[in-house]
Amino acid sequence: MIEFVMPSLGADMEDGTLVEWRKKKGDTVKRGDIIAEVETQKGLIEIEIFDEAVIEKLLIGPGTKVPVGSPLALINPIHDKAETIVTTTAKKDLIHPIIEKEKTPASPTVSSDDRIKISPLAKRIATENNIDTSTLSGSGENGAITKEDVEKSIAKKLKGALSQEALGTTTEDETASASISIRAAVAAAMSKSNREIPHYYLEKTIDMTKALVLMNKANKERPVKQRLLPAALLIRAVALSLQEVPELNALWDNGLQIRSDINIGFVVSLRKGGIIVPAIPAANLKTIDEIMSALNDIIPRAKALKLRSSELSDSTITMTSIGEGGADSVYGIIYPPQVAIIGFGNISEQPFAENGMLGVRPIVRVTVSADHRATDGLIGSRFLTALNRHLQNPASL
Amino acid sequence: MKEITKITYREALKQGVREALQNDERVFLMGEDVGRYGGAFAVSKGLLQEFGEDKIMDVPLSESGFVGAGIGAAVAGMKPIVEVMTVNFGLLAMDQIVNNAATLLHMSGGQMNVPVVIRMGCGIGRQLAAQHSHSWEPLFAHIPGLIVLSAGTHEDARHMLAKALKSPDPVIVFEYTSMLNIEKEIPVNITRVDISKAKVRKVGKDISIITYGIGVYKCMDAANELASIGIDTEVVDLRILRPLDEETILASVSKTHKALIVEDAWKSVSISSEISARIMEKIFYELDAPVLRLAGVEVPIPYPLHLEDASVPQKNDIINAVKKMLNHD
Amino acid sequence: MKAEEGQHLLYQMQLIRRFEEKSAEQYTKAKIRGFLHLYIGEEAVAVGVIQALTDEDSILSTYREHGHALARGLSAESVMAEMYGKKEGCSMGRGGSMHLFDASKRFYGGNAIVSGHLPLAVGMALALKKQNKKNITCCFFGEGAAAEGEFHESMNLAALWNVPVLFVCENNLYAMGTALKYTHSILELEKKGMAYGIDSVAVDGMNLMAVINAANKAVTKIKKTGKPYFLVCNTYRFRAHSMFDAELYRDKSEVEEWKKRDPIAIFKKYLLQEKLTTEQEIAIIEARIESEVQRAVDFAESGTLESIEDLTKFVYSKKTEL
Amino acid sequence: MKKEEIEKIIFSILKQIAPDTEPSELALDENIKETLGIDSFDFLQFIITLDEKLNREIPEQDYGKITTMSSLINYLTQNMK
């Protein structure tokens, strides 16, 4: 026995009203026979049967409205073999489930006065650098805070943090928070640089034999406190070379602005991560000893984050040096608005050819990363040549 | 040394069609007045004499009929170039383009390719009033299954067709009737263009100007003028309007953080709306200013020149919009 | 006619009818959705015309095309699976009842924009001509299509270009629910072909033998001349336009009257009269069809639904080198 | 001076230079510079302070002899008067 159900005649048919039974209980029907008439929204439709069967029972009477899939009659198929009641599993499919939409509570409305007008990019940079945007004023359209506003604020925050340190009373926590903002400042500056400055890179291998011999000799004769480090020699050599190639000792601000004072920013790595770049002011006017004592003064303070802000902002070029045992060369990212950074790799013994002879020498790989908007490779190359000349003639340093 | 030759946009189109006819036996051109008249815009002038009636077929004014026939011929192994005189009459063939060309491959479960190329003259600029000045690129770019190209430069006018004919799927190529007489240089060493990608026509860092079609030269002119006052714009010619080359667009805006989109088509539900939405969806946190759009004023295009000019963005509108976005005095 | 041929034609018509009855049943169980347009009553047209074609000829049809597909040799399984929306369907389940395709059998749909496929048929015939092939394109459409602009554009283009296309108008008297007399100024539709200088003939579409004769003649003529031909088959659909149709537009008595001209009954009688078959052979054919249709349902039921990840498949060709 | 006292002084100097480390946990054969992350400038400071506290000048050429705690203590005790 099977159920004869209200047929689905279209996805848009939801129900039908039985108007008349054309067959009665006990009638034998065959495929295609009209069994009933049903009123639908499209009018009266004759309902056919697809089985040969005997009507067992009529389940609803005329005038009854039932949904698609509801049983109308029970029929007994004539060719039905062993099957007894086949319940209509189709029924479930026929009735379209109404999906109850969950009501979501209305989100709290934000008063427009509280909203900070900030560009998505500026907001992202601010979030990454822990900048409180409510303290910023915007220079963009309708006072919107832009990327530039946030970057300025990061720079200011860094300087502020450092000059506060310079007063000397720093707790562990303050030092930690300063180093977080230093990390952020480095991130912002380097990202900006990489985004905006078209860098070009040059490298030269320089024989350090003569310079080191001279330095070691000098150190032997000196008390411990006056000993020199190679960094002092290199800074001196860089300063003298920059006098000859002033285009790299410059700032880029809508054009190249060559600076007459040579203040070499020296990259100091912080123990907790991040770098800080104090300046050796007027390096070209200082002797090697003066440079060394400047380093002795400034490096410990830099590492303790006790610099004055002027010591941070006055650099006209940056120099980075990898310590002994470290990498062989370093390609720096320019610290804007400067136009170049000089990188010194680890001084190590390497085979070195000179005058057709191969020997093992202490050598250093020196790189120049420079702003291609400001200078071309020729300038960078000229600088490296000058630097080599000075280091091969250390007595003149 | 690059050899340089200066030709009109019309001549560029014609060279493209001639080359296609020479290179492939299966290619033929069909369209209203393409033969004896020489082409409504003289693009195919002389080609009937050169290639004969079998290759250059004049058709009656039955857009649905002959565009459909082009589609049928493509299904059956030919490579028809169907010229619809202008997009204004393209609507009469819209049923064929949407319900057949764009649909058959999918509806047949991948069994039926429709490698037809349909060229349509397009655009405003010749005081032809409301029924003959349409910029309907967005209408066609709305339809999945179509490849929609826009030849905004001479180099694309010359070389797009060859690539379009290689496509196994239907391609609509928009050509711009107001540009037909413009002479430009096409480097001789450029013999192919990549129609699957947008083209950065000018590299810059301050702002991305994204455009297509008639907008390309307008934006380039504006960009050059802006450069003289120190504003470094990047100009992106979309070139393919469906499927959009999202990668190039997003890369440019991620670099400049600002986007201005320029088109002649009506502003609502346009190519610029689409691009604006995608920028917002995909690279919201790269934006340093709201995306700005310069598009057609929503009015049937009027006849008088001054009103026609006012209906679509002009060079100065572009310059002013860029200055405003960059807070430039 | 040989007995074997006659029995095969009967089998084809009977298969179409039984297949469609089963489709209607499956539709009421919501196994098949969308629109379902049944061909019952018109079987002689599809069977009579398609027997005149070779495997190399192409066929385009309408949304009432189950009959044409089966007569062309698409399997009942693949058509039923298509209507179930299953991957094993002849169009990978992408088309459904109205979009049956099988390129390997040169069966090009399944076109559901009334008259939209006529220009296509002309274009395909144009390609055949340009390629110097001797085949033809056969295009079925209803009388409703003959009122569309695309019908007239296609007639004109086909005649103008002299391309080998057989236009077959299945005039079942109703464009959905609007009778011929309310939609056409001239009721003899063949005259519309004549206006374009196309050979045009009308035939009794309820009589298989008449359709066969007319179709054979038409195809021979086209293959000889390379010119288009217009064949109007006057017929009648016994069932509603689609499943959800109360048939308010015609009297039951009219339907009953036409049912007396049931093409299958007429042809059966003819075969028996001519001693080309026996009642027993007919019973065997019907049993064969019964199991074939059941197999089609089983096949469709056990078919697989395509993965949603493949949703955007076939919008563009896999490899588009631009 | 006893070995333990020297060790204590070394640890205190190192702690000053590298406050975030625990020099007292250095293994005897660990490289001091590498383990504590001391650069050449820090190392010079270390040498200077050692000189101040122990009055012991270590010449540059001996830097290679004092890389680990054990070698350093060894060096300082042996050369101690």
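Think of it as A, B, C and D in the order they're written, each chain with its own count starting at 1.
Basically, contacts are C-beta pairs under 8 Å (C-beta built on N, C-alpha and C of every residue); 3 or more make two chains touch, one makes a residue touch a chain.
Fair warning: this is a prediction, and the values are worked out from it, not measured in the lab.
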{"item": "Chains contacting each of subunit A and subunit D, listed by label", "value": "none"}
{"item": "A-C against A-B, pair bridged by the larger set of C-beta contacts", "value": "A-C"}
{"item": "Length of the line joining the C-alpha centres of subunit A and subunit C, rounded to whole Å", "value": "61"}
{"item": "Cα-centroid distance, subunit B relative to subunit D, in whole angstrom", "value": "75"}
{"item": "Centre-to-centre distance between subunit D and subunit C (centres being mean Cα positions), rounded to whole Å", "value": "98"}
{"item": "CA centroid of subunit A to CA centroid of subunit B, Å", "value": "36"}
{"item": "Overlap residues in subunit C, where contacts from two or more other chains coincide", "value": "none"}
{"item": "Subunit D: positions in contact with at least two other chains", "value": "none"}
{"item": "Contact pairs between chains, per stated definition", "value": "A-B, A-C, A-D, B-C"}
{"item": "Touching residues (chain side subunit A, partner subunit C) in the complex", "value": "7-13, 31-32, 40, 42-45, 48, 50, 90, 93-94"}
{"item": "Interface residues, subunit A side, partner subunit B - complex", "value": "119-124, 139-141, 144, 146-147, 195-196, 254"}
{"item": "Subunit B to subunit C touching residues, read off their complex", "value": "28, 54, 59-60, 62, 64-78, 80, 95-96, 99-100, 104-113, 144-145, 147, 163-164, 166-169, 194-196, 240, 243"}
{"item": "In the complex, subunit C residues that touch subunit A", "value": "21-22, 24-25, 27-31, 33-34, 242-248"}
{"item": "In the complex, subunit C residues that touch subunit B", "value": "58, 89-95, 99, 101-103, 108-111, 113, 116-128, 130-131, 149-150, 153-154, 156-157, 160, 312-317, 319-322"}
